[in-house]
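The data blocks that follow each hold one structure.
Both of the next two complexes hold chain A, though its partner changes from chain B to chain C.
Right, the complex of A and B next:
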């Protein structure tokens, strides 16, 4: 007698037989993948070679001020971009990051400079970060992680006259700090930071969290590869819908209503995320100050979203109450443009007969 | 009422900036001419940033010295006023200064930029009479405001120590040219570009401000200053094939 699949697996479970399917064992193989030492060694040697090139030596000189170290980091990044085999559009693999670190070690050893915890990335465009540090938040941990990335500009936005918070950020060399006298909140701070920034890739980071550079790097490479907006994919972290918090449900509801169920609960309302310069200008730096409106405008403008598995923790629940109202506003704005039914026409009723819209 | 964003670049001049800001706070009527301050600090190490944070003044704290044009550009990017005013840190303003400048700016739609008269500036903005320092200055300024009320004169070039412009002009012609860093001739260049785009420049005879003059640059020595001025004059000539002296 042929048992059903369910019957067979329950019989197997009862008898204690455990059959490993080939799919799961290959999955196991991937997670236990160890980068061969030869590839790391090769990256190290390439780093040494790049540092020994005459171009690098003349550009770098012999100084060791913070400005010189920053220049070394950007030169390293340029050299790595040239010598890595990365092509735009590929996901940034763990192996690529590890090879970059080996390259960096070789580069710094050849120049006889102290080892740094840098994370070189193969980026063709110039990247910058805007760190939101309003409400007296200490951005030290965040700035430490950002210092590892090849960023041309790091802008911290803070408010309210908090000397401690200012001092903590000012300790980090090479950082531009915008201090606004009044309390403005994180949303308006995004808009101000975006206005100052002049780079092609803009990463918005939460100053109150020390998100790891490896995770943030995914967002930068996604924009470099051609995406307009790179979001941190929270789907796995959120899990089953019944366990979601209210803000995630509202974000997902808005994405669904605007015809993008594939975005789940991922949205520019949460940090961190990244924009390309063109898409930021298209949406407008004013709209960035109301993140839910920015999300609605980005979806309406058919911008290309990338959802990256950054492996970061939960975002801070700062100003969640305000966010609900913003989503309401954003949906109203969308309904004004597209009609009350948004992306969901009614194919059953004839609403026009009773004065309603869209069938 | 139109809001003015006052942008003040500074570098290691805490006393000067304190003086400048206190004069602005004292002598600017907020109800008549609302304003916001934006101090752009070029990496000062004398406590300028900490003072600005304590005083709750909007501040851009840059990591190093980028010079006058770059600092102004950064300040203008985050400024939110309908009018933008570039101010040197060694300028002391007088009562009613901003209303007087705004009046001149609003006098006609073609007017793009306005500047005051002063004790020290190259060109026509320097007054012929003696201007005392300190408290005496304010008495003279009040007299000038009374006697020359409403008098304006079109010029071909305004000096950048105190320059009020419409946002429309900034959006049309863009930012200051950073090839003139650390400073000198970026104002000549900006004025020429403004006029080429159809804007006119006015000098307000009834607004007198006190200007110490090249305080930051003079600190590094007179010879270096002269070399810098000459180098930038050359850059202007290379860019435009025009001698900037013809506009002064």
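Right, the complex of A and C next:
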């Protein structure tokens, strides 16, 4: 990252050219935002400075065990949160992530530690992840991505996994594994993981998917900014309605009937998503064992939803039959509170005429 | 309309073919309210032409000659040429009808006459039941004059309640439900009857799922798709007993009950759940034929009513099949997290 004077000036020229072009042509203006090199350099220098501060020196030992590396990562994130002028609720811009990576490079260079592909993320609350590994899937890819995030805790709940998948999770340092010998059903694992987790932000991730950390970071930032539940915005990925899967249709219908048409097919039924600790306790850690019921309770409890453009892959539809039953239960629960037509009463029909006495 | 094969090749047949071709333009539905001034003028001219033709066509001349002459045209009653309406209603009194066409009507003077006439052309042994409720524009009179049996209520019964009333009064083995505000040609309605008659279908639905080639669809379209998915019949897509035209067999009517037809999604859920043979038979684009009703939508949106109906259907499913709607919960041991 250190450049000669001539190289710096050439970089400045290049970036200058790009900016003038993007002003003149509308086609170019739509292209990806190019971060000025000066800002990246400033972040790098700030990273070096932060690493040289006395606080970091005293807290960080000289060893290079996984535990020390983890401590370094958390210290890095703490310093980055302080020096990035981050305020809760300002969202997560692409430039913030890039500058964070420069900051990280400076920080590690100053400490003479090996470079990492971490994703420094300004967060004021403490975050944890619950990884659901159902039916013996290998959670390695997912755990690799999660290791890049500033998580204080990673809990893998294995649902009927064999020794192979257990070993794969065991390879990752700093991961708590809950291994239950029997099959308990994937959604129960959510409940168990949430109960053991004591952080302010709880991210639920699918062990079999390996979602990119950049996408998951959006969920963490949304909760940090004051949302109760952060969902992955699937609507764009689903495309035209006629190509939607059945479960998405049912999810969208339930959201509409409960008075949240703006949520479309986004729901806590699908992974990944994140909860704040307070909202999770309000709904109840036991209740999230039936995800559709949790969605209904969250909407009924007027929790604040954030829909994040995470750009993550397609949800899996393997437990669709189970999920349909959950939606029946959830709608039934809502009907118990609000009546059988929820907030959509029938004021026009004279049902006595047709001989129907069912309502 | 007229099949060229299998008919009696007579001079009379040639007559009927000519007049049939003349009559075909009359049956084309025209929704003038959506068109501009120029098209309205064209529509008016077409109507005048049609009336002229009706008044002076050879077929109508023959009709005016009385029943004897018409009888000789179709002595068996099963020829391709449908018998004249007045005569067919006279014959219906003698024997029980095979097909009952049920048309709920409320202030649909513009179209009801044509709708009744089209309905009468579907089958030789047909009764057309018009349930006029809250009509103040003379729809009932027009329907009666067109040959329908009219059940009249002074007050509006509410959306789709007319279907229950009509179904309870129907005598046919097959019941076809259409609306009084859109003229669907008899040729498009015949496949629904045919599916029940020949293929053993109990509920023959319109294969119309609404506009779905966009990311955010209308809530009613969403509700229909979701209900079919929850019923375990995603192959039905967005077809439903909510949409006309659809036909049901008498067996289906007895199974689901006439009263449930007032809440069509409920009837639909019952039909699928109680093991009836439900199938989407033919595509009739009713979205295009349906008139926009801005005033009604402003004061009393149909959207919330129909989505609420779907919730009622789901409630019935949970009562009938248990709280999970018949889906199992075998894998989960919930006691572990209590």
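Quick notes on this structure:
Heads up, the rule we're going with is that the second predicted complex is superposed on the first by the 313 of 359 C-alpha atoms of A that agree within 3 Å, B and C clash if a C-alpha of one lies under 4 Å from a C-alpha of the other, contacts with A are read in each partner's own complex, and residues count from 1 in each chain.
The rule is simple: contacts are C-beta pairs under 8 Å (C-beta built on N, C-alpha and C of every residue); 3 or more make two chains touch, one makes a residue touch a chain.
Bear in mind that the values here come from a model prediction, so they are computed numbers and not experimental data.
Looking at the shared chain after the overlay, A:57 reaches neither chain B nor chain C. Touch counts on chain A: comparing chain C and chain B, the chain ahead is C.
Shared-chain residue A:257: touches chain C; no touch with chain B.
Contact with both chain B and chain C is seen for A:192 once the two complexes are overlaid on the shared chain. Within the superposed three-chain model, A:39 lies out of touch with both chain B and chain C [touch as defined at top].
Contacts of A:348 after superposition on the shared chain: chain C is touched, whereas chain B is not. Of the two partner chains, neither chain B nor chain C is touched by A:82. When the shared chain is aligned, chain B comes close enough to touch A:177, but chain C does not.
In the superposition on chain A, contact of A:163 is made with chain B only, not with chain C.
Comparing the two complexes, residues 192, 195 of chain A contact chain B in one case and chain C in the other. Remark: chain A residues 67, 160-163, 166-167, 170, 173-182, 192, 195-196 touch chain B in the complex. Contact residues on chain A toward chain C in their complex (touch as defined above): 183-185, 187-188, 191-192, 195, 235-236, 238-242, 244, 246-247, 249-250, 252-254, 256-257, 261, 264, 285-286, 289-290, 321-322, 324-329, 331-332, 335, 340-342, 344-351, 353-359.
Against chain A, in their complex, chain C makes its touches with residues 153, 155-161, 164-165, 168, 209, 212-217, 219, 221-223, 225-227, 229-230, 234, 237, 257-263, 300, 304-305, 307-312, 314-315, 317-318, 323-329, 331-334, 336-338. Those residues of chain B that touch chain A in the shared complex are 49-50, 52-64, 74, 77-78.
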